[in-house]
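Paired with chain B in one complex and with chain C in the other, chain A is shared by the two complexes that follow.
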Partner chain A sequence: MTINIIIITALVTSALWTAMTVRLLRSAVGLAITSAILAILMFRLCSPIAAVFELSVCAGLIFAIFISAITVTGRITNEQIVLKKKLRLRRFWLLPVIVIIAAIVLTQIHFHAIFNLPAQPVENNVKIILWNMRHLDLLGQVVILLAGAFGVVILFKEWKND
Partner chain B sequence: MLSLFLLLPLLGIIALNLPYKGKKDTVALLYVLLLSVGQAIVVLFHPANFWHMPDFWGRFFHLALYADNLTLVLILSIGIVMSAAVLVAWQTISESKSRLNFINLALVALIGMNGTVLLTDIFSLYVFLEVTAISSFILIAFQRDLNALEGAFKYIVLSALATIMMLSAIAALLLFSGDTSFASVSQAVKNNCCNPIIIFAITLFVCGLFIKGGLVPFHGWLPAAYSAAPAAVSVLLAGIVTKVAGIYVLIRLVRDVFGPVGAINDILMIVGIISIIIGALAALKQDDFKKILAYSSISQVGYIILGLGCGSPLGIAGAIFHLFNHSIFKSLLFVNSAAVEKQTGSTDINKMGGLGAKMPFSNASCLIATFSTAGIPPAAGFWSKLMIIIALWQNGYHAYAAVAILVSVITLAYLLAIQRKVFFGILPDELKNIKEAGIWIVLPAATLAIIIIGVGVFFPFLFNSFLVPVSNFFK
Partner chain C sequence: MTNDMSQLFWMCSIGGILVFIIGIYCILVTFNLIRAIIGLELLTKTVTLFLILAGYVTGRTGLAQALAITLIVIEVVVIAIAAGVILCVFRHNKTIDVKLLRNIKG
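Moving on to the complex of A and B:
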């Protein structure tokens, strides 16, 4: 339980950093880190299918697409960074406050007591899940990766060449 | 042999991207045409060899796919619209490399859409919806101009919101079903129909689908995406992508999986009628050919949702029939806009006039699509709208039926405005040398127009052989 709370705190912190940081590259890295931490949490909460998808699609493919996009953007000056930082802080100062209030409220509500959810049997072996149970999802995942690769080539690589 | 609907496009993508030299774009066009026309043919002629042959590849790859009458309607629509879109792309995209890129992405979209209509698992459904959505984002931004990027960005942001809603809903449903198959989820919903988490999850999922289908008040992305996308992409998006990603999934889940939970039918009716009104009124105010069609799509999808929300077999059959008709007549209207844009270089209807004499095929086919959209006999759209309106009346929704009829008049008004400003009137001097669009635009336009008239004229035969079995599937 304590480890899960630490992981959730790390997750929220990295998500806030992703939203509030000025540089696009740092924001993309922050997103990948957030996804990776979320995947760890999912593994710990016995949801390996979700964890594998989170890790491969969000932390992998989407990060690669963001990095490809960022490589075609221009640099900004230090003065612009300072200005953007001020603007970002002014716009998002409420975000950490909301997250802390939401965390306090959620810890006070006992969902299990209200809804009394049934426990479900869960298959924990990722290999069995992917290769024996979720073939269609795996095929879909392969096609998503293909689509991502086409996107990078068409929208970013060829654009840069033009 | 259902797995071929997924594996053949995938095989095509792999083969087309192997490092060899040659006329890849021509091969790619022929391959995707063969697949999409073949897809329509196996539904229309229903060859026993194909449908009853053991699915060797499906068993080899362990793909659990299923097709019923509703699936067949969608497979047919996907085949027809995909053929039209690739032919329009061939005419409107000149560069060989760009043509190949378009066809690669069209094949990805084909896998996504075929997968969406063939599977029976709510999580796999989400995965294939994402396949369709990702290919659509890239296709919208394909030309990389500012408007296209803005349209794609709006679609990405709202689609991401829909994704979050649907994933959260799947997670909540999984808590009760322990499995994501349609059968398990349906059973779990039946067993816990009054549970607030189940009701919340279904509401969340349905709202996500409203975004994907571009229904009011979640329609913000649709006019920007449809109007900014390249001509062939607009045909694909308006003709079939949003119908599969939003409306088909809504019909399938509401009727086959979720069932009549809570006030879901009332929500569908309200969203449907608001979409019909707002879409039509917004279309009246536009000057851009593609934007008028985009808002018209919102309005026409409203009719489908209204028929679905009505809940009677006639209403549902009408909704599915209108879904098919809408995919045909809206594709045709976007093919016409592609013809006009290609020849004049603009989609601003105020800058045009008198094109009917120069582009007779586009003029005639646009008029046929207009009649079908507004619900004028003998076009196919008349029958589907009639079925929806009769179903509404029979079930006591008299006010809804009256509004649906009134908005059809508005629909006729804004589509006739296109006809008047673009094809009738005096030809401006700068457009005097205009010719009819090329054969690859005229051919799909003529085919789609023949389908509209054919389905309309042979409706009594289709009603018993095609539509009644479709509505029976829900019983």
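Moving on to the complex of A and C:
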């Protein structure tokens, strides 16, 4: 149980650092770390395939997309960082306070969940569920991926022409 | 449902709620478009966590994983399109600060 507490604390801390840090690059790194910690948690919750997806796609691909976007949108000087730090502190000082208060309030609640487990054994093989039972989801994923690819191509094509 | 499972469910729920609060605050307070997407990303992480958690406590980990994979695919497409739109905004306005975007119609 201790390891779970450590993982969840690390998850919240990295998410907080992602939101609070001034540099966008560090924010993107923080997001990738949050994804990696979430993948560990998912692995501990008996979902290894989703954890692998989370690790490879969210901590890898999305991180690369963010790095490209941050690189293109320009650099920030040290003077600007000092100025931004002051402004950011003014806007974000409330966030750690809210998170700490929410954590204290939530840990004080004594929660006992009662869930109805399925009476008959259910299929838990992801491959069978994805290919045999949720094939409409797969079709939707393919359509969305194609739409996304077209969208990105159109957006970047316009960029190239200029 | 065992006591350990109930405890784990509640701990993960607390973590998820806290990450959700951070994501919402990040979206509401920031003026930077990239940081707004990062906030959105934090929100989707919470949803993924709750999906997997629901599958774990009800014994339907396979279904939860299938839904989580679908969510992750959609998340990637949303982020890629949003990044492309941000690049277009930057090209036209030379800034991604929402306060400085004066020439948006509507």
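Rule of thumb we're sticking to: the second predicted complex is superposed on the first by the 108 of 162 C-alpha atoms of A that agree within 3 Å, B and C clash if a C-alpha of one lies under 4 Å from a C-alpha of the other, contacts with A are read in each partner's own complex, and residues count from 1 in each chain.
Note that in this section contacts are C-beta pairs under 8 Å (C-beta built on N, C-alpha and C of every residue); 3 or more make two chains touch, one makes a residue touch a chain.
Computed from a predicted structure; not experimentally measured.
*Asks:* Figure out whether A:143 sits in contact with chain B (first) or chain C (second), or with both, or with neither.
*Replies:* Touch status of A:143: first partner only.
*Asks:* Quick check for you: in the superposed arrangement, does A:22 touch first (chain B), second (chain C), both or neither?
*Replies:* It touches nothing on chain B or chain C.
*Asks:* Regarding the shared-chain residue A:62, is it in contact with chain B (first), chain C (second), both, or neither?
*Replies:* A:62 sits against chain C, while chain B stays out of touch.
*Asks:* Tell me the contact category for A:155 with respect to chain B and chain C: first, second, both or neither.
*Replies:* both
*Asks:* Between chain B (first) and chain C (second), which, if any, makes contact with A:135: first, second, both or neither?
*Replies:* Touch partner of A:135: chain B, not chain C.
*Asks:* Check whether chain B or chain C contacts more residues of chain A in the superposed model.
*Replies:* So, of the two partners, C touches more residues of chain A.
*Asks:* Per the contact definition in the header, classify A:42: touching chain B only (first), chain C only (second), both, or neither.
*Replies:* second
*Asks:* Chain A residues touched by both chain B and chain C?
*Replies:* Of chain A, residues 49-50, 115, 117-118, 134, 137, 140-141, 144, 147-148, 151, 155, 158-159 contact chain B in one complex and chain C in the other.
*Asks:* Please name which positions on chain A make contact with chain C in the complex.
*Replies:* Per the stated touch rule, the residues are 1, 4-5, 8-9, 11-12, 15-16, 18-19, 24, 27-28, 31, 34-35, 38, 41-42, 45-47, 49-50, 53-54, 57-58, 61-62, 65-66, 68-70, 72-74, 91-92, 94-95, 98-99, 102-103, 106-107, 111-118, 122-126, 128-130, 133-134, 137, 140-141, 144-145, 147-148, 151-152, 155-156, 158-159, 162.
*Asks:* Which of the residues in chain A come into contact with chain B in the complex?
*Replies:* By the definition above, chain A touches chain B via 49-50, 115, 117-118, 120-121, 132, 134-137, 139-144, 146-148, 150-151, 153-155, 158-159.
*Asks:* What residues of chain C sit close enough to touch chain A in their complex?
*Replies:* 1, 4, 6-15, 17-19, 21-23, 25-26, 29-30, 32, 34-35, 37-39, 41-42, 45, 48-49, 52-53, 55-70, 72-81, 83-88, 90-91, 96
*Asks:* Considering only the defined contacts, which chain B positions touch chain A in the complex?
*Replies:* Those in contact with chain A are residues 6, 10, 13, 61-65, 97, 101, 104-105, 108, 111-112, 115, 119, 121, 123-124, 127-128, 130-131, 134-135, 137-138, 141-142, 144, 171, 174-176, 178, 195-197.
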